[in-house]
Structure formats: C-alpha cells, structure tokens
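In structure tokens below, several structures.
First chain A sits with chain B, and in the next complex the same chain sits with chain C.
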Partner chain A sequence: MLTKAVMTSLCATRQAPVNVAARGIANIPAHEYHIRFDQRVGRKRPAQDVLDRFKRLNNGMWIHAHPGRHKLKYMKDETWQKTSLYYETCTKEQCEILDKLMTPYWLRQKHYPNDPYSAYHVRHNINSPRVDDRGNFVRERKKILMDDITSQRFFPDC
Partner chain B sequence: MSQALRSAKERAFQIVEKASRIRVQDARDNIGARTTGRQLKKGHNQMGHTQGALERAAKPPLGWIWGDFFRPWQRMYPGEKLFNADINSRREYIPLSLIELARLIDLGWINPSRPIDVSALCATQKFQINPKIRQYGFDLTEEGADSFPYQIDIEVQYATQSAIAAVEKAGGRVRTAYYDVESLEAAVNPKAWFEKGKVIPKRKAPPASLIEYYMDAKNRGYLSEETEMEKERQLSADVRGYVLPDVKVSSALKSIDQVFHGIPSGSVVSLADKKVFAPKNELHREYYNRQVSDKLYS
Partner chain C sequence: MSAAQYARLVPKKYRSRTLPKIDRPWRPRVIAWAGPAAFYPNRFYEIDKWYKARIDKPEKLPEMHIIDPADHMKSLNELMKKPEIEPINIGFKKREEKVKAEKSEQDRAELERKSRHMQLRIDIDLLSVENLSVYRHFQVFDHLFGDNVFFENVQRLEVNYSDNVIHNGNILTASSTVTRPEVTIESVGNGKGFNTLFMVNLDGNGFEEKKNNGEMVQWVVSNIPDGESIEKGTEVIDYLQPLPFYGTGYHRVAFVLFRHSQPVDLKLDGSTLENRIHSISELYKSHENLLTPSAIRFFQTSYDNSVKTKLHSLGLKSPLYDYEYRPALKPDQREFPEKPQPFDLYLDMYRDSKEVEKEILEKRLSEIKLDNVEEPKWIDPDYVENKKKLPAWLHAKILERKGVGHGKYHNDVQ
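On to the complex of A and B.
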C-alpha cells in the first residue's frame, strides 16, 4: 500500500523555480538569490549553467551558441542555415555578469597547443587601453622582460 | 488707592508683582509665527514604503530578467560540448616564444651554454607552473623565429615546427619531453623538493594520447630514434631552405626517466651536506636503474 508521502512524491509535478504571485510579484527561491558558495571548501563555486553554455576567450570575451538553431530549420532560409551555426559574442555587460559568476581559475588566460580557438583569443584594431587600473594587460598575455615596441613587433595583434 | 497717588513706576512694579513667574514655556512663538514645511513632491508622502526599503530588499539573482520568470538569462542558451566539456582532460602549457627566450638569454637570466630545461626556466622566477591544475610545462612558440641568434640545447614539453627549425638553424638542439605531474613538481621547484627529503622520481611514460607525439621524430620527441631525428633535421632544413650548421651540441641528453641533469632518479639530495645519496636497497636499485619508464594510468 502506498503511503501518503509516496503518493505525493509520485504525483508531484515539477515545480517552477520562480513562483509568480497573483499580483505579479515574483517570489524567487532562496537558493537562487546568491552566487553559490561551497560550504566544505569555503569558496565560490562557478555557475555550472554558464560553463555548459558559454566559453570565455583569452581576451575576456564570452561566446555562446545561437539559441534555437535546431528549431524549424526547414522553414528558414539559406543564410540562416549558415549563420545560425556561428557562435555569438556577448555584450560587455553580459561579459561582466558572467565574470562575476566565475572563479579565478576560469578568468585565467589558458594556453593550449593546437587550440581551435587560437584565432579568436586576439582582438584586432582595438584602440581601448591595453591595461587596466592595476597595470595588468586586459586582453593579452603578459610577456616577460619585454618593452612595448618589441612586443608589438613580434606579437602584432595581442 | 487713587490714581493720582501713584506714579508710572509704581504702577509697573504693581503689575510685575501681580504677574505669575516667567517660565521656559512662556518663551515661545505666537501661533502662526512659523510654518512647518509643506509637501513639495509627491514622492515624499511614502506612508512607510521608502526608497531605502526598496534598496535593501532581496534582489533577484544575477541573470534573472523580468518577463522570463522561470530561468535566469544565462540558461536561455543551448549547451555546447565543445566549450568546456573536456577541461579536465586538456593539458595546458605555458607559452614560451623564441623572442622571450632570446630576451632571457640577453639579460643573463639563462645561460645558453648549459642545457635549458624546465628547472632552468623556472629558476628565473619568470614563470609560474602549477602541475596540480594540469599545466604540463612549456610550449615553444614561433614568435621571433626569424631572428633567433643563440645556439642552445633546450628541452620543452611541446614545440611548433617553425620554432624547432629556428633553433636548429642557429645550431641548437630541441627535444620535446614529457614530465608527469610528480616529476614536473620536482622540476619546477627543486629546492623545495630536496628540502622535503623526497626521492627524485622516475619520469613516467607519456599517456596514450601523447605517446604518438613524443615518438615522432618530426616533433623531436625524446622517445624517437636518433637516426630518424637526424633525417628529419635535414628534411626541415631542405624544406625551409637553410643550411644546417656544422657545430653540434655536445652536452649529454637526459635519459628517458631522468628529471634533473646529472642526478640519477631514485636518489635523495641533501643541500646541507651538498651530497647525493643513491639507493642501497637492491630492489630499489633495480627499479630505478631499469631503462623502461613506468606506464602512467591517467
């Protein structure tokens, strides 16, 4: 015989993460309020949702796939078939949000040999400052023992 | 008492005598002398709901946008396996361009007449390698390959073809060699390793995905044949159109399981006594002298 608890657990429908009250005030569950922290380690956890969906390039830009690229493909034109497979870049504000959801490990610049994204780790024709307020390079790796002129001669775009 | 009897001064005294004593409460404005502030803006009438209450209220989580109540913004996008799925099996290398290497030699941080390996590069304190987060050593990249002047004997963990060609054009020697996590940890900071009294480890064989790379003479892998490597050296000189210099690097190569030049694996180094202690036990001796490196299960 099924107990009441089992019955309720079987019949329970999947609850929406946000309960919208009648007057349009959304009650957001408490676990969604904060950036998550690991209780055991005592450190911030990176948002796994973001890691599954986005990639951070070495220049600090985030890319994601086109949402809905597999939906109703047969109805859409040739240009869409082609361009929907492209990755899209996030805006500056979106990049800042995503950076806040990450840990220092993911904000580090990483170098992999034969990286398919190596062409996209550099930005071209950018006039914005190369360094941040602490003097660290914003979108390029630190070169050791090198002045700017030599660096720009051998690493033209980064 | 008649009026005529009294002077104005007497009458004043009489009035004061009759009056009650002056108190603090008597020193106040007449009614209407001052007005209280009127309501200037509609927002000032807040009836308990203040701006501060709104500012201090619980905010929606990061990424939550009005209109899409059921998921945060970042969950709107499709997952992509190519992005971060294989992060735990990827091997990260520290980029070391030829121009940076030339600068290190120019400024006296590295001695070009001695063999250059992970320990020599890390001793400059210019690189941070953390083997624990899957950093596997140095990647020799080709920036500055056009004008690399030094004849060096370098051992890196990864190298591009143009970088190899540039070093060999200058008369140098390149070997790509694999360091497993433990031996890389020893090589990155030998002093700490020696002071802990740890045994110098045997360098393990590369994992299956890398063994092909290190057995390829084209990459100057440390597991490939010397004769093959000589052929490839000549081939790349022919293809790229330069003449191989006659001067050859004479310094000895490390054996395939050796971490440090001149220190056999299995020994313990005492910095205080300036001595190297070899293992005495027959079993240990046999294990460390075997020229076959261990298989790595990772």
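On to the complex of A and C.
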C-alpha cells in the first residue's frame, strides 16, 4: 500500500509542466482592467497595477517605462538600447483612462522632498485652453479664471 | 430593473400599468468601444466657452534656401565665383628688376645637378619677392580701397617691433605691439617728394553707429621728407596699439605708405577711440590727385591682456564679443504629444532657459570644489548600484554631468 505522500508525488509528475505564461497584452487578468469597487468601503479601489507601472506627474501627465525593453535586447541596435530606456509620455486618452482608474487621492498633487521629478511637475508655455468645456481646470494648478491673453502674459506656466 | 425594485422605488400611485423597460447603462460600453472621446460635446474639435475669441496665429516658418532652377546644375565654385574684371592698378608701375648676368650652359648644368641632389640653397631673405596673392587672399586691398583695386610694392618699407619684423600677414601677439615700431622707408626720389604712413586696423571698428564709416586708424605720420627718418614727419594721429577685442579673432593691421610730391594737409581727428574711425578709401578719394600708394605691409594680432590694460588706461571697458547661436528649432509644444516622447527630454525642451540656468547654478554651488577634496577617479563610482536603483533618465543625467557635460557645470562663469 502506497503512502499518501508517494501518491501525491506520482500525481504531480504525471501532470504537464505548468508553464508560467509571460504577462503580455493577451493575458492580463480580467480583474485588472476594470474599475474595481471595494464592497466593505463602498468606494472605488485604485488599480494597483497602474500604480506599479505608471507615474503621474502633478500636471496630469502619466509616464511609463517602455514596454518590452528587455525583450531580445541582444538583437537590437544601439539606438534602441538607448531609447528603450526612456520613460515615455502617454497620450491624452490613455491619461484620461488612467485617471479614471485612480481614486481622488492619487489625482491630488504630491510634493516630496528631493523629488527628482520636481522640475517636470509644471508645464511651461502651453497654449491649449486651461479649462475644459464645463469650465473645470484641465491642468492642476489652481488659479483665477481669466482671459487668455492676460493669463498667458502673467502665468506662462501651469 | 426588476419588478420588485420598481415597486420598492415608486409609490403605487405613480406606478405605470406595465413595468417600464429600463436599459442597463450603455454609455460605459460605448466608451469602452470608442474611447473616451466618444461623448465629448463635439467629437471633432473641442469647444471651449471661455476661449471663443482666440485667434490662432499662423505659424511662422523660417525662410527656406531658394535655389534658382536655372543655376541648380552649377557647382558651388561656379556659383560663388565673382565676375572677372581686370583689376585696376592705383599705384605705380612695377619696378623693373635688375637682370643678373646671363647664366652659361655650364652654370645651368651645375645648378640643375645641385637641385637634383637637394643641395641647392636659396636664401629667402635675399630674395625680393613681392607677391600680392597673400593680400588678395586676405582681401586687404578690397577692404582698404574698395573692390577690384590693387597696387604694387615699389618702395621698400621695413617695419619692426623690436625683433618682430612685419612681413605679409605674419601673426604678432598684441603685447608685442604696445610701443611704436621702428620704420625704415627707402629713399626713391633723391631727396624730393614726401612719404605718408598709415597704420590701419581693418577689423578694429567695433562701433555700432559707425559700422560702415571705415576702419580704425592707429597711427598716421604725414609729410616725411624723402630719405629722412620718420621723426621728421608730422604725426597727425599718434600711435595707439591695435586693439583686437576679446572674441573677435585675428585682426588685419596694415601699414600703407603713400608717396606725394607736395606736402599734404590731412585733417584727421584721432583724439578719442571713436574719432579714430576713418574710411581709407574716402580719404584716398579726396586726396587722389596728390597721394599715390607705394608700399603695403600687414600683420595679424588677436586679443591679449595688454589690450585690456590699454583700454582700461583709456578709461574704457574691454568689450567681450561672443557668437550668438541661433536657438535650436523645436516643434510646437503639445499638451499631450501624439506619439510617446521621452518625458524628460520633451519637457526640458520647453522649459524656461533662465530656470534651467538657475538649476545648473544651484547644482554648481552645491558642488563647489574645496582645495583638499579629491575628485573621484571614475565618472560614477557607484555605477552598478545606480544602474539598478535609479531610473535610466536620472542616471543618464548624472553621467552627463560628470562626463560629456562636464564643462557646463565646471567651467568658469564669464
């Protein structure tokens, strides 16, 4: 009579080896691309994956590392080795989606001591309107709403 | 919505006879399908209530280089070539060289043999080679008297600053030109006639208002009797050392000798630096009947500390000239760039240059060298550590500051 331990070990060897699938665009677990709500708190939970992979600058711009920069690195050229290390900007739509995946806490401005990103939290000389169609400020810095010419003259960065 | 929920929410009095069909929210599904722009008030452009009066100014593009289609087959040399006009000699006829005795066949053979065996020695100092091509190359005649004009050197003019003899365009340090040079003028008229010597800095005019008024005249001695020393002449403008300002490169300084039979009265004012600017071509034009150029020499100088001390002794400041580079062309800034951009480089491109300079200065001040501090041997001693820990852009910045961009953070501030 075989012992239970031997039985389990035999069973384990018979099973096909579990291949740990690389996490790609095709197999993102379903719970990660949804806005999740916490039943106990009754509020939205921020998507942890987004927090891990992206960074939000105080001006509303999201940045991320180049996806797949470690893939087949040895067969790619010098330029790619260099540029793949860049942290890239997101498009407007991506930024909006990512904002929706966050809670208001993460959309607030953050100020840290010795922040290496401190120079990039403010945008300079942007001509696009500072308010959306509902009159809300698009970029984060709170200011008095005034006409375009005056604001561009006295508040070039926002 | 179920019937039970409907019953719970709506009092009986207001209930409709049939259960109303209420859809599940379809907006999020459309947004998931078409993206967040699907329900913008206008899908094709954003309307903003506050900014109706804004006028987009047309983008000003830099002027392009225009190529004339008729000429585009020509080479650059052909395009740049000036039309050939025969240059005008404004001076004297070329002096006839004394022809030495004809060489015999034997002498020729001997010379040829020597030259073949690399034994033929020619003393350069004994040769009187008057080659004007150097002057043409440096455009000395063009900038003194106008285009297409030249004259021959017919009178021997020797100018030397102690040991430094002036030839055709040799380079002297500015400190060696502080005191006036010794000038020897050959006598050609058997005691008749006069010489007038000009010393002109062709590139010395640094005055914005007098930009086209002429050159800086350093020294004028007129009416030197033929065969006499230069002290016998009248000094119209006293000697001032050439002042090649900082950053203006090499200046051409020419000595021009004029020959005239009658004494000439040059009314030149050289009291201040600004008054020393005179146009030689205009001056020559006004005295054309009297003066004839007979000899020219020139040398080059560049900035030196002696220039600064001279300017300070005149009660002036030493100007610093610097090349003004065109700012780099950059695309219009987008709030959200369409294609992914490296965020640090993209945002740096549009940062205020003053703020960037301020940041650099702060970094410099925080790293000011003490006397007993030893610089690390390597650009980044914790390279491996930093490579793992820091984001690549930050690490690249550190490497740049210690490596390629070292000068930006460590060079002296002007």
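The definition used in the following text is that the second predicted complex is superposed on the first by the 100 of 158 C-alpha atoms of A that agree within 3 Å, B and C clash if a C-alpha of one lies under 4 Å from a C-alpha of the other, contacts with A are read in each partner's own complex, and residues count from 1 in each chain.
To be clear about the criterion, a residue touches a chain if its C-beta (ideal position, glycine included) is under 8 Å from a C-beta of that chain, and two chains touch if they have at least 3 such contacts.
Just so you know, these numbers come straight off a predicted model, no measurement behind them.
With both structures placed on the common chain, the touch criterion links A:97 to chain B and to chain C. When both complexes are overlaid on chain A, the residue A:83 reaches chain C alone and has no touch with chain B.
When the two structures are aligned on the shared chain, A:49 is found in touch with chain B, with no touch to chain C.
By the document's definition of touching, of the two partners only chain B reaches A:113; chain C does not.
In the superposed model, A:125 makes contact with chain C only, not with chain B. Of the two partner chains placed around the shared chain by superposition, neither chain B nor chain C is touched by A:73.
Legend: residue contacts after superposition of the two complexes on their common chain; A:154 is shown touching chain B, with no touch to chain C. Overlap of the chain B and chain C interfaces on chain A comprises residues 97, 145. Every residue of chain A that touches chain B in the complex is listed here, in rising order: 16-18, 20, 26, 28, 32-35, 47, 49-55, 64-70, 94, 97-98, 100-101, 105, 110-113, 141, 143-146, 150, 154-155. The residues of chain B lying in touch with chain A in their complex are 58-64, 69-80, 83-84, 90-95, 97, 99-100, 103-104, 107, 109, 126-127, 133, 139, 143-144, 158, 160.
Taken together, the chain A residues at the contact with chain C in this complex read 57, 61, 63, 83, 85-93, 95-97, 116, 119-120, 123-129, 131-133, 135, 138-139, 145, 147-148, 156-157.
Remark: chain C residues 35-37, 40-41, 46-51, 53-54, 332-338, 340-348, 350-352, 359, 391-394, 396 touch chain A in the complex.
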